[in-house]
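Listed after this line are the structures, all set down as structure tokens.
Both complexes below contain chain A, partnered by chain B and then by chain C.
Showing the complex of A and B:
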């Protein structure tokens, strides 16, 4: 066996050496593609066309349907008054829009969005902006747990503090927290950037696979396979620009931020039992 | 330093994944297969290299920066430059007629522009999927 190549050894053991190079579909870009900025089905909206909705006597479904109807009418700026902490408001918006909530929202606020700019003057419950694809979401006060769960893109910003498991399973995008974040933030993070200006709870970045976490305050403890890394000039420039954008740049700048990345020990499968792995890592 | 490594191996040249065999890290050589995305997913964009199209896109969307496009990079599929389109969960290749610049930041900007044009076009597979399965 020693003289055999890897391919021959694998074949002799009954294994194949098929190349697994991804799900290619042989799709090509068209160099002469038309220059559109929105999805073909997205309603034409004008940011200068503004309207207000009083949600005091409405249900979640009625509010969400009203938002869609107003977008079809061309309204590009919609203000929702008296949301009363309703769950699931502003979900599934897949085009450009300025959406302003004057009050607090409940669970799963503005989830599954792809493009809108959302401002929430109050607080939000669990899983705000889960599975967000693109756009900006700015929460003026605090947010609950699993803030930005499985987010894939866009900027999700909370000026206050957030609960535990912030950015759990995040696959892209940027989460910015002006205050503190709870335990297990960045759990199973796969991509994207998380910035916390305050402190982080225990097990930060546990089992993270990739992505970057920046912490401005104290870290209670790092999770499995989360390791400190050097803050580069590119990191500093990006942090300064992004935090300035949302008025969260600390007076003393970004030099004190700690950078946390994946230790890359969990990338490959092995034969270790979970307890053995924990002992090693 | 950001932008110089991916999946456990060093990126020594911007054309490394076009010219090489894709087996760079010790693990890749051991199993004989390339692993994962062929670029540094943590590389943040250089905003001095924005294209006019991307500036217009940001303005249209009401964003002050590239937003979700910060995560889009020029990748490489089987030795060919390509961009991963999350909406179809697959790679879209860059045709030979499009010249590649000599640095990753400029390539990433081209990748972002191409991806937007493709995603927003009528020939994107999502358009057919939407027509077939849209419920409301």
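Showing the complex of A and C:
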């Protein structure tokens, strides 16, 4: 056995070494698919019932408590003025709501949300919308690193540029970036789609399990197991619709976008069970 | 986790002491152990400003006749200054153990500094024509009030709030670090340097001295080593990206420059605001907001990015 190759040993033991090459390179989907931004059972609110809060002299806890109190009173549109880059604002909102921040937010803004439509007129710090499950978040300026880490659903949109590790471990939903993204974007991405209209830093899509990344500009380098795939008509239709929705469709259209998917050649994609691996190794 | 901040007013002086205090207070949650400032006033040609401590805050609390020892150490420092032909033009006690001297001297400041640091407990925090380096235990407000920084006028500054992780909570391990023996060069750092001991041994073999076991001090010594070799500040910072292992973002200030370097993994944060007359950068947006409450555009530098600004 010692003189046999890995593949020969596996075959002799009745195992298979089939490589799951390119499984995700042709994914069929409906470009007009429903967004399902909120769950059917999410409580109804009156979007016409609007109020404003000046956060200038408030702490993070006070602002977040105030948002909850206003929602209980039936307000469906809440405007927060002067957020002053505070961390952790607007987190854990699990129902329909129009939430508008007039200014910039710090770390962990609007994390763990499940349904609200959020608009931020300034920038956001690291880890914006981490673990977001549904809803829309639109940021007018730039965002920090780990933008949309582990999101599961909804649309997370930054009109400016974002930092490194964008969409790390994302499990669904859509991330759209109007400018550039930093290194290791899409690292260990599991599902969902990421669209970057500008350039991407080094190691794009490193160790991604699944999902799709579209890059409109230059890619500094691809990460381990991230491979180019053909941009299909379905992709073009979806990109056009999605970027138009947020006013980010480039004048020249979406033909220049590169599509990146998982090559599925890493060790965790062979079809051997752990015990089988032990026997072979 | 530590917090760092930098500030440049281009072409004018401002109350950088109070501004840096506000910026660092906003970063207090990143590290409450100690706070440090490197503030740059109008250069005083011909005179040097020396900030020195002769004991640790903790030592002062223990008693055991420390007050008498402190007086002895101050006497020894002043004797050493006189031996080197330096004249003391002004002397202020910021605390019982920290002093600010204005000295007239036209000789070799490096030899003088080395001799002073041979005195037990004595550590020169900064020496230069423009730099004043202040660091102590406590948050930004405590340190700023203690050292009268609220009225300090200057062109630029860097600062640090420390969460001690790999060395003691003491003034010796607090930032900024003076890049001994280079007058007017100071450094603040956020991160962990993983080849600290290897690099430290290399630097020690070249004759550099270390006063603490804090990995951040390596960046000050490393910068001093490069400057000694005729390397520019910008080139030194670029080289550091490849030669220093670990996760880091650090700032270096000189009499007329302020530089920023971020490691190749972009693991430590930095937010940057630039305008014609003001540059502000900090670990978090909230720190910049402490001095610029109006809506502004800020960016995050990327991996392995180095920037150097002229004051």
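Basically, the second predicted complex is superposed on the first by the 222 of 281 C-alpha atoms of A that agree within 3 Å, B and C clash if a C-alpha of one lies under 4 Å from a C-alpha of the other, contacts with A are read in each partner's own complex, and residues count from 1 in each chain.
Here, a residue touches a chain if its C-beta (ideal position, glycine included) is under 8 Å from a C-beta of that chain, and two chains touch if they have at least 3 such contacts.
No experiment lies behind these values; they were computed from the predicted model shown.
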Is A:103 touching the first partner chain B, the second partner chain C, both, or neither of them? second
Does the superposition put A:164 against chain B (first), chain C (second), both, or neither? second
For A:121, using the defined touch cut-off, is the partner it touches chain B, chain C, both, or neither? Pick first, second, both or neither. second
Contact-wise, after the overlay, does A:182 reach chain B, chain C, both or neither (first, second, both, neither)? second
Going by the contact rule set out at the top, does A:152 touch chain B (first), chain C (second), both, or neither? first
Please work out whether A:235 is in contact with chain B alone, chain C alone, both, or neither, and reply first, second, both or neither. first
Between chain B and chain C, more residues of chain A are touched by B
Taking the superposition as given, does A:135 touch the first partner, chain B, the second, chain C, both, or neither? first
Quick check on the complex: what are the chain A residues that touch chain C? 82, 84-87, 103-107, 121-123, 125-126, 141-145, 161-165, 182-183, 201-202
Considering the complex alone, what residue numbers of chain A touch chain B? 6-7, 10, 17, 19-31, 33-41, 47, 96, 98, 115, 117, 133-136, 152-155, 172-174, 191-193, 210-212, 230, 232, 234-235, 238, 241-242, 245, 261, 264, 267-268
Which part of chain C faces chain A closely enough to touch in the complex? 265-266, 269, 271, 284-286, 288-289, 293, 295, 297-300, 302-303
Over in the complex, which chain B residues touch chain A? Could you list them? 1-3, 7-8, 27, 30-35, 41-42, 44, 46-47, 53, 56-57, 60-65, 67-68, 70-71, 77-78, 83, 85-86, 88-95, 97-98, 114, 116-127, 130
